[in-house]
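Would you mind keeping the following structure in view while I ask a few things?
Letters A, B, C and D mark the chains as written, and numbering starts fresh at 1 in each.
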Amino acid sequence: MIKFSRVFKVYEKNIQALTDINFEVAKGEFVFLTGPSGAGKTTILKLLYREETPDMGSIIVDDTDISRLSSGKVPFYRRGIGFVFQDFKLIFERSIYENLALPLEITGAPSKFIRHTVMESLEKIGLAGRENHNPWHISGGEKQKVAIARALIMSPPVLLADEPTGNLDEASAGEIMKMFKDANAKGTTVLMASHNKEIISNSGFRAVRLRGGRVEE
Amino acid sequence: MIKFSRVFKVYEKNIQALTDINFEVAKGEFVFLTGPSGAGKTTILKLLYREETPDMGSIIVDDTDISRLSSGKVPFYRRGIGFVFQDFKLIFERSIYENLALPLEITGAPSKFIRHTVMESLEKIGLAGRENHNPWHISGGEKQKVAIARALIMSPPVLLADEPTGNLDEASAGEIMKMFKDANAKGTTVLMASHNKEIISNSGFRAVRLRGGRVEE
Amino acid sequence: MRLFREVVLNFKRSGFMSFVSIGTIILAVTMLGGFYIMQTVVNFAADQMQNRVEAVVFIKDGASAEEIKLLGDEITALSGVKEARYISKDDAYQDFAKDPEMQKILSSFEGNPLPDSISVKFNDYKAQEINSAVAAIKTKMAVEDVEYGAAEIEHLLNVINAVKYIAGAAGIIFVIAALLVVSNIIKLTIYNRRQDIYVLKMVGATGADIRLPFIFEGIAHGFLGGFLGWLILYAVVSFLAFQVKKETGIDLAAFYAFNPALLSPKFIFGMTGAGIVLGLTGSLMSQGRIFK
Amino acid sequence: MRLFREVVLNFKRSGFMSFVSIGTIILAVTMLGGFYIMQTVVNFAADQMQNRVEAVVFIKDGASAEEIKLLGDEITALSGVKEARYISKDDAYQDFAKDPEMQKILSSFEGNPLPDSISVKFNDYKAQEINSAVAAIKTKMAVEDVEYGAAEIEHLLNVINAVKYIAGAAGIIFVIAALLVVSNIIKLTIYNRRQDIYVLKMVGATGADIRLPFIFEGIAHGFLGGFLGWLILYAVVSFLAFQVKKETGIDLAAFYAFNPALLSPKFIFGMTGAGIVLGLTGSLMSQGRIFK
């Protein structure tokens, strides 16, 4: 499903973020990305999301080398991916409802279906009744839950999540992990960056360890 | 040093964030604020920072009721407080150096002193050499470290921190905790919101537990 | 559907920005419209004066009808000449005799002391052209003398011509200026929504998904701004005409450049159209930044 | 020190914004300056025509010198009258005799057929005022008749007067428009920096700490915009004058409204000053949002 081969990434100002990255994630697998701050976790996810392109190497997703994807195809590739940003990236000019509806609206889903899906999702994260509030006006943990709900709303075949439990207390983190595991059980391939050792070891899933831009061991 | 008495806070749209909050923090103490997402931790810190004012009750800091502070005095009150925002709030239009220099520049410190202090602080958080980079271009954990360095740069008598270790791996979190403890050892009163049970229990400091806007037990 | 909702949402959400953008278009369109009217009035004034610029060609006593006819044709063929009208000495006498003072003077002569003449009018007021035409006429056989009597309004015409010139240049500059302001404001709007746009791109919005709402927004702002601009201009001009009438007794509505033009569908559509073009061009000009 | 650095930093950092803001001030100031020059030219033209508006008061034969003197004083005292100049029949004769045709006609009389007269000029061209003045003069004892010969340029004067009026109103509207655009752009700038401002407030910046850089920025933009605006206007007008000269042979520099005025320190300071006032007012007008 996902395969990194000899991937290098250098940011401007000569910051070598990734050096010779090789790893594979099988279809339907749940894999953690872990490693200290600045190791390159977010960079790997950004490459998968086609926000950045590698300087060398190939990144195969579903038999296509996404680093060679034409820019016209990128939006459609992205519609198959759910992404939880490390800093949430909610749109403060739109209500919580609108934030969640966005990915569905773009694909042209009927508004009844959108309404149903969004309300169900709000129910799940315990924010039912606050759909018309501004995401600016909710707590850090609540923002994170909305960001996760937005990534899952399309039931995407691939889910990328960048520290999705960083701002959550243990109970909320547990709920969220359950949502991810449920999605995974339904066939979604999950790649999640996380520092949280407890969550990683409890889950029993495989972890790719990064340090200084290289895969460890 | 800090004393909340019968504090109530209702946000617009009738969201009751805090109900009858009473607690005290002694001068030089290190206290954790803990509780599930949405419990009101950030709200308490915002009240202390005078970003919000309570609907009822008094908040005494250093013998003054800060909820009654005239708006002309607020800036000077804030200069005695270091604050680590849950979402960092770095200024992406300024370099990392400029972000750190800001609180010093506002007090009119001599530029030589500013330079020295900022470089020392960058050294401490392991970002020496990246002072001219844009904070947009660093990893989540690095942003958090810069935010913490900015809060500590004035060696403020009071330090408020909102989840300062959420985006950090264990090793970095340890370093940061050491910085806070050092500041505390030098006399700074610290109030820190955190979910991280391990850090709280390892530190041996007292924790104020919140749930649904009330202090527990 | 989504497109329409996005535009409406943007209107509601960024009310402040929309206000700025529509306001600028209103200003630009009002200025352009007012400018057009001013231009029309100046042109009207210049035309009126131009009609007064004439040279009178006095014909030698005893010139035959054919000679005069030929002379008239020759004059008409000169470059810059609009019309050459033959005035017989009798016509001239009758014309002068309308003024009682002149009548008194003329009646003291025996017979008619006035010569036959040709009155020459010119197309455009261009000093050089007129002077060379006059010089050319002077050399003709049947010509006694040429009186180019417009010298006294020549100076004024110079001024009005210069005003026309400058007004034309100012008009062009103004269109460019308005375009720059509008496109800059839309750029700022887009810049302000860069986070929004980033997220849209990240959840799979195509270029069109992102651009179209801005383009429609530009058109909508343009339409509103253009139409409101016309309304405002109409109100301002009407008020002004009222004031002018009160103070100087001049009825501006009497000049065809005024109210009737303001109310003509051509003018209303023109201003609304100018607004739409401004809004559309502004939003197209600002699109470059979206994908940066 | 910090203030200065902040302003310079803002210039560097938000280059795009600064460009928009300075650009708008340049446009506004250029328009205002060009407008002032157009206004001067129109005024000049109107004055020239106005000087031509005169009434000639023919005096009864045999009126005594005192009567004439008295009549002159009475006319001067009328509202709207600028000057009343006595022209004796001899002066009138000499004046007419300059024209050879007229000379011929006049010499056919015995003696001087022309009457004594008073030439009346008016302050402002206001039809009502002039008409009532003429009517009042007609009732005077020593007056034979009043010839108000300006009827033919009356229509033109109406037009020019209307243009002056409208130009004045457009000028006022333009100042307001420029102010709105500039203040809106500075508002947008501030809106764009709201995070920056929020953080500044949170680390203990006072109101002045936050406001002053914006105010100084406004002044700096205004100064630059004003001066560049003058440069541009100077270039445009010079180029225009060159073109006008080439095409129509009219030397605009001959009108005092042109190049000399453009180069006068008063004008340069005026435009730069207008820019500064715009920038400053714009930034003050936009301050309200900072603390929201």
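The definition used in the following text is that a contact is a pair of C-beta atoms (placed from the backbone, for glycine too) under 8 Å apart; a residue touches a chain by one contact, two chains touch by 3 or more.
Here the structure is a predicted model, which is why all the values come from computation and not from measurement.
Graph distance from subunit A to subunit B, where chains that touch are one step apart, equals 1.
Distances between chain centres, each the mean of the C-alpha atoms, put B farthest from subunit C.
Here the spacing of subunit A and subunit D, counted between their Cα centres, is 66 Å.
Note on chain placement: the centre of subunit A and the centre of subunit C lie 61 Å apart, centres being C-alpha means.
Each chain gets a centre from the mean of its Cα atoms; for subunit C and subunit D, those two points are 20 Å apart.
Of all residues in subunit B, none touches 2 or more other chains.
Counting partner chains per residue, subunit D has no residue touching two or more of them. On subunit D, the positions that touch subunit B within their shared complex are 2, 9, 13-14, 193, 195-196, 198-207, 209. The touching residues of subunit A, when paired with subunit B in their complex, are 11-13, 15, 34-38, 41-42, 86-87, 133, 137-142, 144-145, 162-163, 166-172, 195, 197. Residues of subunit A that touch subunit C in their complex: 49, 51, 72, 75-79, 83, 85, 89-94, 98, 102-103, 105-108, 150.
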